[in-house]
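The next part holds the structures, each set out as structure tokens.
Here come two complexes built around chain A, the first alongside chain B, the second alongside chain C.
Now for the complex of A and B:
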């Protein structure tokens, strides 16, 4: 049974002093997650948000349609010159993200601290 | 108690009123006795106490000497009170319950709108034989509660007077034993009734207030027989209520069960929900009229504040969903907003909380309640107009029942205008609301049957479409095992649903002996993914005829997918030359396994994401005996009951054992298939071995 995707937004500051917007996802990410994934991202003000951190640590499963949504979000971020890093992925989904070329658009990290340090 | 009512009911309809056969009633019309005293001769008989009754509104002061109610004392001078006669007009019945012997209450006799306490007194002289027991049969049709006192002694009450605001119940027969008389001769008794009426009753019923039929005095056995007869009359009046409760419950269960036939249609849930409310409403009525499990106040709160408003909104939702309307989007919110307004205005307008809210506050809320009901009716009519405009026949069929149903929402107002809203065929109450309910029930059964028929027809057509799509997919995907010059190819395809989103094509070059293999995975599953597969298979064949180079093929497929909404696919294309040289291009698909080891290659975006996307490309050579296996992510993402993934490592370990494509697919499927599974295994063999056995095929895929 697929669980609903939830998304929360949070503002943090990187160790280097940059403001970072964190999008924390929960549940499964699938074709029904369009509003939670793309909608949440598109609601961010592109002019002021320069760095985005994606938290997948509470995501249980991402299917192919969900991966397509993440890619679409990363392409939009890339077109807006935003820097995007992601963390909290299981080794399985880290490998899947690598296969589908997400690493060309977003750095993948194990933890939030590592991702923030890289920003 | 319920068993007793049932017995009485059958007694009445089956063998007649046995009690009356034994009782001999001596009618006691007003004016029989001298002055204010009524003379009654008691044998084994009883007398209806029509009057003259002395009556006053207000409540008795407490006698400072006895600390009892002063107006109950036999010596109290009630000559200044009004005189009331409880003789009914010929054939008069209660307009709501149909109970016989009806006389209008105090609001129709000089005290309009009055609610609260009021007193009735009567002085009776009865000749009683030694040892004979006397009893009073309380009036069986009253508003709302009373205490009965004989010569200042409380005999009992109907309703609970232990609280400052008495608890009322739906009207019912009562019986009170009089204290036994010492010796033979005339017994003089002053009967005093202390009445209480709620403001709600004054607003809901015409002619409300106090006694609506005369009490009975007489031999205890005869009064008991009358008491039983009154119960039969009351039971008969509401005899249709349990039938309606049963019918509503049956329709609710039927509607809920239809969800299993068509989960996509939410109208069944709404119908089930509304009829569950209707059944609850009938059950609440049964509990209030036939038992004292629920007080009148509790019944009013449950019905008028909870069930009626929710049912009103529910009906709006039923037809909104039934006609598949989408605009205006605010309509469902408006229906429930009006329901909330109705609940609030009913609670204040009917003065249900009169101890909390002053009376004058309630009047405007009654108007608001009417406005909310009118607005809900207007909303329903608007939905019907739209429904008739778009659906036609169904709307016309249901419209008369809906109008009657809407009218039944104004029963109280129509009743206050003395318009007849109840009829009593064979003494059984049948009103506008029940007529509307019955009509709607029939209409809904008819329309539900029609809707279900078309729904099943549609599902069958869709199932046929899916089956045909499945057959087409089986045709366009290659056979499980094919032998080509220099190659042995085995493949396995296990869609998660009837139609899959995985695809592959094996295209031997017509002249140079090379082999093009294209494998992919369309995002999503089912018919939608299957249709994209058909598109990509066609595009693959077309591209391969133009140029079998893997990068060119992927580029063509990417262009074909772009701009088609959320159609994306991972895809891998590889071309194996006759000498074993492999060119591999990948668009986000799982890299192949060469002799059990996954080929390391850079990631790339799936098809359909970006125009002019870069694909990862690599070259390597297959030696004779080498085995190249292409798998879809359905293998690694097979998930067991505990939510554990099959995983890449497990897949790799199995591939190292040289497992066949079918066995690998079966292993993942047994673990817990979550997505389409496809496996293609290509083994490089000596070209001559195979070529000698089988020529280059002209097979189409």
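Now for the complex of A and C:
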């Protein structure tokens, strides 16, 4: 019933010249998304990846189990001295992420261009 | 408590994760018919989804032989949603989630559903059913006429 979560990784460089690893998600982010969300993140080389940018622009539905997966990713990133940013959340999910306190640990941006410009 | 003279819509869901989206869509359709703003419809969708997920997981323990009832009652100035399961109901509300504690491993990353429900609707109450079943959560979201 839940639409499968798709994830793919892309390497970009910010205008300031910093390498940024973009994880692009598509579909629902829910309890069934563990492999797509955490698995994709955990496959990144921790020694070299410093900035991770999450693209939610093709995600329609995120529930509390999905938010918990994002928080687990933030915990692992924090333990690896990585910075996590996100863009493409709808106004509603931007509000939800802010309400639960995620914005303290992950910068939220409206667009990829705004996110990259800030990195 | 909000007294509601209402028109009702009922949905019955299997206790299978994912089917909360049927209740979300139904609640959104009713709210739009009532004239709720788009941002309030989104708040309602998330609150209803979380209530249904709690009912499936904790109330019915994902037993697919048990269903979750969703009753939407559209009043003049408010929409009431009851999400009913076959569980015993809550013994108490969990504490508000603390992101700092989660980040430091002192709190489970999960457990935000009830917080989201309470934060996104105007009223939320959890009622334990008599005889240890038919417990429900009752949500109310009001039409904000001043901001319309």
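Odds and ends about this structure:
Assume the second predicted complex is superposed on the first by the 118 of 119 C-alpha atoms of A that agree within 3 Å, B and C clash if a C-alpha of one lies under 4 Å from a C-alpha of the other, contacts with A are read in each partner's own complex, and residues count from 1 in each chain.
Following the convention adopted for this analysis, a contact is a pair of C-beta atoms (placed from the backbone, for glycine too) under 8 Å apart; a residue touches a chain by one contact, two chains touch by 3 or more.
Remember, predicted model here, so these are calculated numbers, not experimental data.
Partners chain B and chain C clash in the overlay (superposition on chain A). Of the two partner chains, chain C is the only one that A:32 touches; chain B does not reach it.
In the superposed pair of complexes, A:14 makes contact with neither chain B nor chain C.
Of the two partner chains placed around the shared chain by superposition, chain B is the only one that A:98 touches, whereas chain C remains out of contact. When the shared chain is aligned, chain B and chain C each come close enough to touch A:68.
By the touch criterion defined above, A:80 lies against neither chain B nor chain C after alignment on the C-alpha atoms of chain A.
Applying the stated contact rule after C-alpha superposition, one finds that A:57 touches neither chain B nor chain C.
Steric collision with chain C, judged by C-alpha atoms after aligning on chain A, is confined to one stretch of chain B among 181-189, 253-261, 541-549 or 631-639, namely 631-639.
Under the contact criterion defined above, the residues of chain A that touch both chain B in one complex and chain C in the other are 31, 61, 63-65, 67-68, 71-72, 75, 92, 96, 99-102, 104. Residue ranges of chain B in contact with chain A, taken from their complex: 501, 521-524, 566, 568, 570, 588-591, 602-606, 609-610, 616, 633, 636-637, 639, 643, 645, 647-648, 675.
Put simply, chain C touches chain A in their complex at residues 16-21, 39, 42-43, 46, 49-50, 53, 97-100, 102-103, 105, 108-113, 115-116, 119. Considering their complex, residues 1-2, 30-32, 61, 63-65, 67-69, 71-72, 74-75, 78, 90-92, 96, 99-102, 104-105 of chain A touch chain C. Note for the complex: chain A touches chain B at residues 31, 60-61, 63-65, 67-68, 71-72, 75, 92, 95-104.
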